[in-house]
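You will see chain A twice below: alongside chain B first, and alongside chain C after that.
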Partner chain A sequence: MAETRKLTLALAGNPNAGKSTLFNALTGSHQHVGNWPGKTVESKRGHFRLDSWEMEVVDLPGTYSLTAYSEEELIARDYLRSDNPDLVVVVVDASNLERNLYLVTQILELGLPMVLVLNMSDVARAMGLRIDKQAVSQQLGGVAVVEMTATRREGLDELRQALMNLAEELPGKKGSRRPFRIDYGPEIEAEIDALVERVANRPVISQGLEPRWLAVKLLEGEPDLLRSLEQDPGAKDILEVLRSAQQRLEARYPEGAAIAVADKRYAFVSRVVAESLSRPRQAPTTLSERLDRVLTHPLLGVPIFLGVMYFVFRLIVDVSAPYLEWVDYIFGEVLARWALAGIGALGAPEWLRSLLVEGVIAGVGGVLVFVPGLIVLFTFIGILEDSGYLARAAFVMNRFMSFLGLSGKSFVPLVLGFGCAVPAIYATRTLDRRRDRILTALLVPLMSCSARLPVYVVFSLALFGPKANLVIWSLYALGVFMAALVGLLFGRLLFRSEVAPHFVLELPLYRLPTLRGLWFHVSGRVGRFLRHAGTVILAASVAIWFLLNMPWGTASLERSWFGSVSKAIAPLYRPAGFGKWEAAGSLLAGLVAKEVVVSTMSQVYLGGEAQASGSGEVDVLADLKEVGAGFLSASVEAGKRLLDVVAPGWRPLSGTGVESPALGKVLAVQFTPLSAVAFLVYVLLYVPCVATLGAIRGEFGHRWASFSAAYQLVLAWIMAVGVYQIGRLLGLG
Partner chain B sequence: MSKAKEFLLSAAAEGDVVILRGFESSGRQAHRLAELGLTPGIPIRVLQAAPGQPILIQVRGTRLAVDRETAACMRVQMHRHGPRRRHRRRMGRGRRGSRPWSMGLRGLGRGWWKSGRHRPPDEEGHGGNS
Partner chain C sequence: MLGEVLRLVEVSRRPVSLEEIAAALGRPSSAIEGMLETLMRLGRIEQVQANLCQRCPAKQDCAETDGISQCYQLKAG
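Presenting the complex of A and B:
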C-alpha cells in the first residue's frame, strides 16, 4: 500500500509499569519533547511506522486512576477524555496485575480501543505467577492482550501485530463497538440508569463521552464535572437527582458512593485476576523484600542513602576529571589552532578570527569540557531512578522532609535538581498539594545542578589542588543545608497551614537498570545539554564577545561595554572579596545559564592568550594522534580513580593531581582561596538560570518566579559576604 | 470474620495482618486510598512500622509507604499478629532469626515506642492473605 494513514496512539499506565521503556522501544530515536498545549508541562511524543500506518505516540504521565489527584494525573485524564486518541496502549505491570487492572477498567469504560500490554512478564514468571492471556482478554470484553518484557524488547512484534489488527478494524468498529460494562450491583446500577438519560441530553458535560461513564464519574463525585454542572443553569435537575442518589447510596454503603464504586471495580478486577492468574502456593521471598529490609531499615536507611550519594558525587568528580583535561586540550589547543589556520588560509579579517577563537571556541568549548562529568552524573541519576531506589530514598527521608513540612515525595524532585533544575521543577507535579509544589520548587535551585559543577571544578582544581574534592563536596553539602534552613523558614513563614502532607507512595519492585534504558536517559539529557550549548550558550558567548569588543575596536576589555556594566556592579561584591569587574561580569552572564560563568571567564581572561598560540603550522595527523593518546591516558587515569573510589586505600594516592586547565592558571592568580570560596558559595546560591525561572513562572506564575529570584540573590550575597568576612577574621584571607 | 475490636492502622505493629474496615476521614483522601486498592474488607500486611518513618504495608500485591497521619485514617481489625511479637513474648529478646542482620536490628527498633500504644486484644487469626 502506498498510502500512509496516520493514527494517534496514547500510552497509558500506572507509574512504574514500564511505559517509558515501551515508548523508547517503539519509537527508538524518533522522539521529541514538547509541551502540552496551553501548559508548560513537558510531553513526550514520538512516531513509528507500522506497515502502511504512521503511528504518532503520546507518552502520558503515569496515573493510578482516571480521578485526578495530581497535575500529572490531570494531564493523563484530560488527554484520554478529550483528545480522542485513535488507540490506547495500556501498559500493565504483570507482577502486580490487580492494582494495575483498576486503571484498565476505567479506560475500557471510556470506550477507547485498547491493546493491553502485560509488561515485565519476566518478573512475573520469576515470582512464579502464570497469567492466562486468553482469560484476561475474555474477562475484559475481548480486548487484545500482549505479554511483553519491554526492557528486553520481548513481545514487541506481537504488540505491533496487535496494533495493526486493531487499526484495520477501527473504522468499521467505531460507534458499533460493544461497550465494556462493569456490573456495579443493583443499587448503584439503578442510580446510574437514572443519571444516564439526563446526562446524555446535557451537551455541556457530555461532550461526546460515554453517558454511562459520566454517570459513574458523577456518582464518584468528580469535582470538575460537578463544577461544570453547577455552572449550567439547565442542569439543576441532574444535581438534584445526583444528591438524592448519593444519599440513598450512603445509607447502603456507609463509606459513601465514591468508595463503593471503587470497591465494585476492584471486586470486578479481583474476579478477572482469579480467573486468569495462578500463584505459587508459597510465595517466595523476593529479592526486593530482602533488599528493602536493609535499604528502608529505620536505622540503616539514612546512612546508606547518604553513603550512596557520597559515592555518586565522588565518582562524578574523580572519574570525570581526567576526561575534562582531555576535552579541554581538544578545544583549547587543537581546534583553536585548526580554526586559526583555516581562517588564516581564507584570508578572513582579524575580527572574524577573534570572534571564532575567543568567542565561539573559548565560550562553547569551555562548557563542553564538562560533558564527561555530565555523562557520569546522568548515568547515576538514571540508575537511581530505574532501579526503584529513588522511591526508597523518599521513604527513608520522609522524616526529615516532614520536619520541613514536606513529605518524602518532595525528595525526588530535589534529587533530580542535582541534574538540572528545570526538569526537577516539572517533577514537582507529582506532589498532591500546591503548597508542597511551590515550597519544593523554591528549594530545588539550591540543589547544586550539573551546570554549576564546571565552575566548582575549574576553581577548586586551580586553587585547592589535592583538596579540590573536599571543596566541591562541601558546596553540595552547603546547598542541601541551606535548602533545609530555607525550607524550615519558608515552611513556617509563607505557608502557615500546619497540616502535615499526606504521604502515600508505592515502592515498586527493584529492577536492574538496563544499558538501553540508561542510554536513553543519558543520551536524552546530554543531548539536551549539547543543544543548549549549541544555541543558548553559543548565542550568549557571541553576545558577550560583542559586548567585550564594543565600542568597536576598543583597546582594553575593561573599557568595553561589558566592562563598564560589570564595573558598575562590581563594588557590590567587594565585601565578598571578588569585587573585580571580571568576576561580576561572569556572574551577570551566568544568569543565562550557570555554565556561562566559565565560558565568560575563558573569554575575559584567556581571550588574548589563545590568539598567541594560534600562529604556527598545523599537523592534523599529529594532533589526532595526540588526541587519541590523551583519551587513552585519561581512561587509564579514570579507571584508577574508579578503583580508588570503589576500594579506598587500594591504590596509594599519587601526589600528582590533575593539571588545571588553562583557565585555572589565571584564576589561581586572580583569586585567593578565600575569595574563591566566597565566589563559589555565591555561584551555588544565586539565581540558577533564566530557564529555571521560566519553569517556575510557567508552573506557579510570575510572582513566585520573582520571589525565587529575589530570595536567592539576597541569600547568596549574605552567605558570600559572611564566608569572606568570617574567613578574614579567622586570618584565612 | 472475627469480632475483634477495631483500631487504627497507625497502631498496628510490624508483621501484623489486619483487615481494613473503614475510613475515619471522608472525601477525596479516602477515595484516593480506595483507588490505590485500599477498599474495605481487604487484608493489609504491615511490613515495617518504625518510629518516625511512614509505615510500609502490602496490599493487593503492592507495597505502599503510608505516613502515620494517613494510617490514622484507616480503621482496621486484627487478623493475625506478627510472628515475631509472639516469639518475643515467649522467648524474650534473645531470639534471633536465620538472618541476624535483619532480626537483630529489628529487635533493636522495637522496644522504643511500645509504651502508650493501643493494642488490640490477642486473637489468633487463621488463614492468611496471599
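Presenting the complex of A and C:
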C-alpha cells in the first residue's frame, strides 16, 4: 500500500472569486457560500485525499493585494507569508481577469508553487470573453492554469490532476524552481538588486521568504517590514540603502516608489491580458447590466429592496403557517402521548413523566414547531445571497449607511444579523476602522435574528390573524429603524465624527442559485438551529422545569423558585402592559437564547395541558396515518398560498384554515393586542442572547459588551412602555 | 497605467467617476476599478460622492434627476 504523503494547500484570491465554493467542492464541506464579497472573515480548514496525497486545505479570506488593510486581509497575507503552505490555488474570476491578476503576480513573486484557477468560466464565455490559458500560463512562468465553473463542479477533475502533478514535482522542484520575476525596469531593478543582497544576509528580516519579494515590498513601503527593520539594530545599513533607493526613485518617478512599483506590476498584468484575452468587438449588454439598471437605480433601488424584504416575510408566514399546525400536532399530541405510554409501561416515577412531557417536549417541541418557517426564511435568504442581489442591496443602502456615518460595508454584517447575531459580529472584521466595527456590532443585535421569529409568529398568528405578516414585517422594519436612530446617536456621542471611508464593493454578476447551494444554506442553518434546540434549549428547558418544581413538589408554579423570581421582576413590566410573572419569567429565561422565550412560555402555560392531551390510548399506526395526512394537507395549503403570493391578484392571508399553535391560543387570552405588540417590541430590542454578548466581549472587550447589554435593556423597556402607554392614550388597548 | 490614472485624477479640476476614467484611458471599467482601489490604499486618492448631473450639458432634457455617483479626487494633504 502506498505511503500517505501530506501537503498543505491554501486557497487564495480576490473576494467573491469562488474560493469557498471550490473549498466545498474539494473537501465535501458545507462552508457558508454567498455571492458577495467579504463573507469569509477567517481561514477555514478541511481535508481531501488525492491519490496517495492527504491534502489539508485552508480557505483564506479574500484579499486584493498582499499589502493588507483590513483584518481579514491581514489573515490571508500573514498565512501566505509566514505559514509557508506547500501549494497555493489562486482562484480568479475569469470574467474580471485584469483586476484579479494583480494579486496573482504578488503571490507568484512570493515564490509559492501555484495552480491558477480561472473560475466562473461560464460567465466569461457568456460575456463573449475568450481566454487562452496556454498564453496565461506562459506569461506567468509556466504556472498550471485550469478553467472551472466551481458552482457546477466543471473542471474539478482537471484541477485535481493539476494538483497531483504539482505535488509530484514538489520535492525536487521546491527551492530550485525558476522564480517568477516581473521586470521592473533598469532603475528599479538596480535598487532591488542592492537590497536583495543585504536582506538575504539578515535572517531576522528575511525569515525564509524570497529576498527579491522582500526587496520589492520594502521599496513599496510595506509598513510591517519597515517596522521590523527599524526595530532590528543590525539592519541599519538596509534602512540606509532603502532610504537612498527611495530618494533616487522619487527623483525618477515623481509619484513615488510605491506607485512606480505598482505601476510596473499593472503594466505586466496588462501585457498578460493583451496576450491571452480576446473581447468581443461590441460588448454585449449582459443580463446583469440590464437588471442593475433597475435594481440599483438611485430612486427605485431602495423601494425595490423594501418590497423584496416584504415579499420574503410574507412568504415566511403564508407558506410556513400550514406546516406549523402540523408540527405542533406532532409534538403536542402524538409525541407526548407516545412518551407517556412508553414511560407508563416502564413504570417510571411521576417526576420523570413530568420532566419529559412538561419540560422536554413542551419546551423543546415548542421551539421546533417553527422549523418550517425557518426553512422558508433560510431558503429565501440563500436565494438572495446566491443570486447576487444582497450585494446590490448593500450598494443601494450605501447612501443610507453614509448618513449614519458608517461605511457601506457595514450593511453586510447588519444583513447577516437577520440570520444570527453571532456570525454577524464576527463579520464586522471586514470593516477597516475600529469605530465602524464597534458601532456596527452595537447595532447588529437590533436586527431581528431568526431566533426571534418563533416569538413573532406565535404572537402574530394568535392575536393578529390576517395581519400577522404585516406585524412581522413591521417588527423587522422597526429593528432597522431603531438601528438607524441608535447609529446616528452613538455615532455622534460615542465616537469622534469622521468621514466614512471609501466603499468599493464589487458587484458580482447575477447567478441562478443552484439547488445544491440552497441545500447547503438551509441544511447548515437549520442544522445549527436543531443542534441549538438539542443542547442550549434542551438544557434551558430542563433547568426551567427544575426551577418550576422547586421547592420540590410545589403545587403552584407561581410559588416555585422560578415563579418567585419572575414575580419579583414582573412589576418592572407593568407599565408596558405585560407585568405578569409568566411573561417576565420568559423574558428573563430568554437571555440565554431568544427561542427560550417560547419554550419557557410553553412550559409555564402548557406544561399541564400537554400531559392532559397526551394521556390517551396509543395507536401508532393511526397516529402515523394522521401525521402523513396532516403533512399532505399542509403541503396543499402551502402550495395554494405560494400561488397566492407569486401570482398577480393574490389575496391576503385570510387567516382561515390555519390555527395558531396551542401556545398561541393561551397567549390570545393572556395578552391584549396592544400588550402583545409591546411585548414583541421588547423581544425585538432587548439583549438577543448570551452568545452575542460573548462575541462582542471577545471582539471588543467586556466594557463594550456590558454597554451593549445595558443600552439594549434600557431601550427595550422605554420603547415597550412607550408603545403601550401611547396605545392606551389612543384608545387601542 | 497606474500613473496615468493618478495623473488623470490629478489634472481634473473636479471629482471624476470610474466610467469617465475608463473612457478617457480606453480601458474596461473592471480593470480601472482595481487600480483606483490600489491608489486609495496607497493614500493618494479618495472616494467622494458627486452629482454628475450638475455639470451635464443635457441636464435640461434628461429624465434622470439624481446623478450622484461615486467619484475620485486627489486626497488632501
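We take it that the second predicted complex is superposed on the first by the 708 of 733 C-alpha atoms of A that agree within 3 Å, B and C clash if a C-alpha of one lies under 4 Å from a C-alpha of the other, contacts with A are read in each partner's own complex, and residues count from 1 in each chain.
By definition in this document, a residue touches a chain if its C-beta (ideal position, glycine included) is under 8 Å from a C-beta of that chain, and two chains touch if they have at least 3 such contacts.
None of the values given here were measured: they were computed from a predicted structure.
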item: Fit or clash between chain C and chain B when superposed on chain A; value: clash
item: Partner chain(s) touched by A:A135 [first = chain B, second = chain C, both, neither]; value: neither
item: Which of chain B and chain C A:L300 touches, first, second, both or neither; value: first
item: Partner chain in contact with A:V396 - chain B first, chain C second, else both or neither; value: first
item: Touched partner set for A:D263, first chain B, second chain C, both or neither; value: both
item: First (chain B), second (chain C), both or neither touched by A:V308; value: neither
item: Which of chain B and chain C A:L291 touches, first, second, both or neither; value: neither
item: Between chain B and chain C, more extensive residue contact with chain A; value: B
item: First (chain B), second (chain C), both or neither touched by A:V542; value: neither
item: Chain C-contacting residues of chain A that also contact chain B; value: 64-65, 67, 69, 96, 98-99, 102, 255, 258-259, 262-263, 266, 279, 298-299, 399, 402, 502-504, 506
item: Chain A-facing residues of chain C, complex; value: 1-3, 6, 28, 30-31, 33-42, 44, 46-47, 49, 65-68, 70
item: Residue ranges of chain A in contact with chain C within the complex; value: 64-65, 67, 69, 96, 98-99, 102, 253, 255, 258-260, 262-263, 266-267, 270, 273, 279, 298-299, 399, 402, 502-504, 506
item: List of chain B residues in touch with chain A within their complex; value: 22-23, 26, 28-37, 39-42, 47-48, 50-54, 56, 60-67, 69-70, 99, 101-102, 105, 108-109, 130
item: Of chain A, residues touching chain B in the complex; value: 64-65, 67, 69, 95-99, 102, 220-221, 254-256, 258-259, 262-263, 266, 279, 283, 289, 292-294, 296-301, 391, 394-396, 398-399, 402, 407-408, 500-508
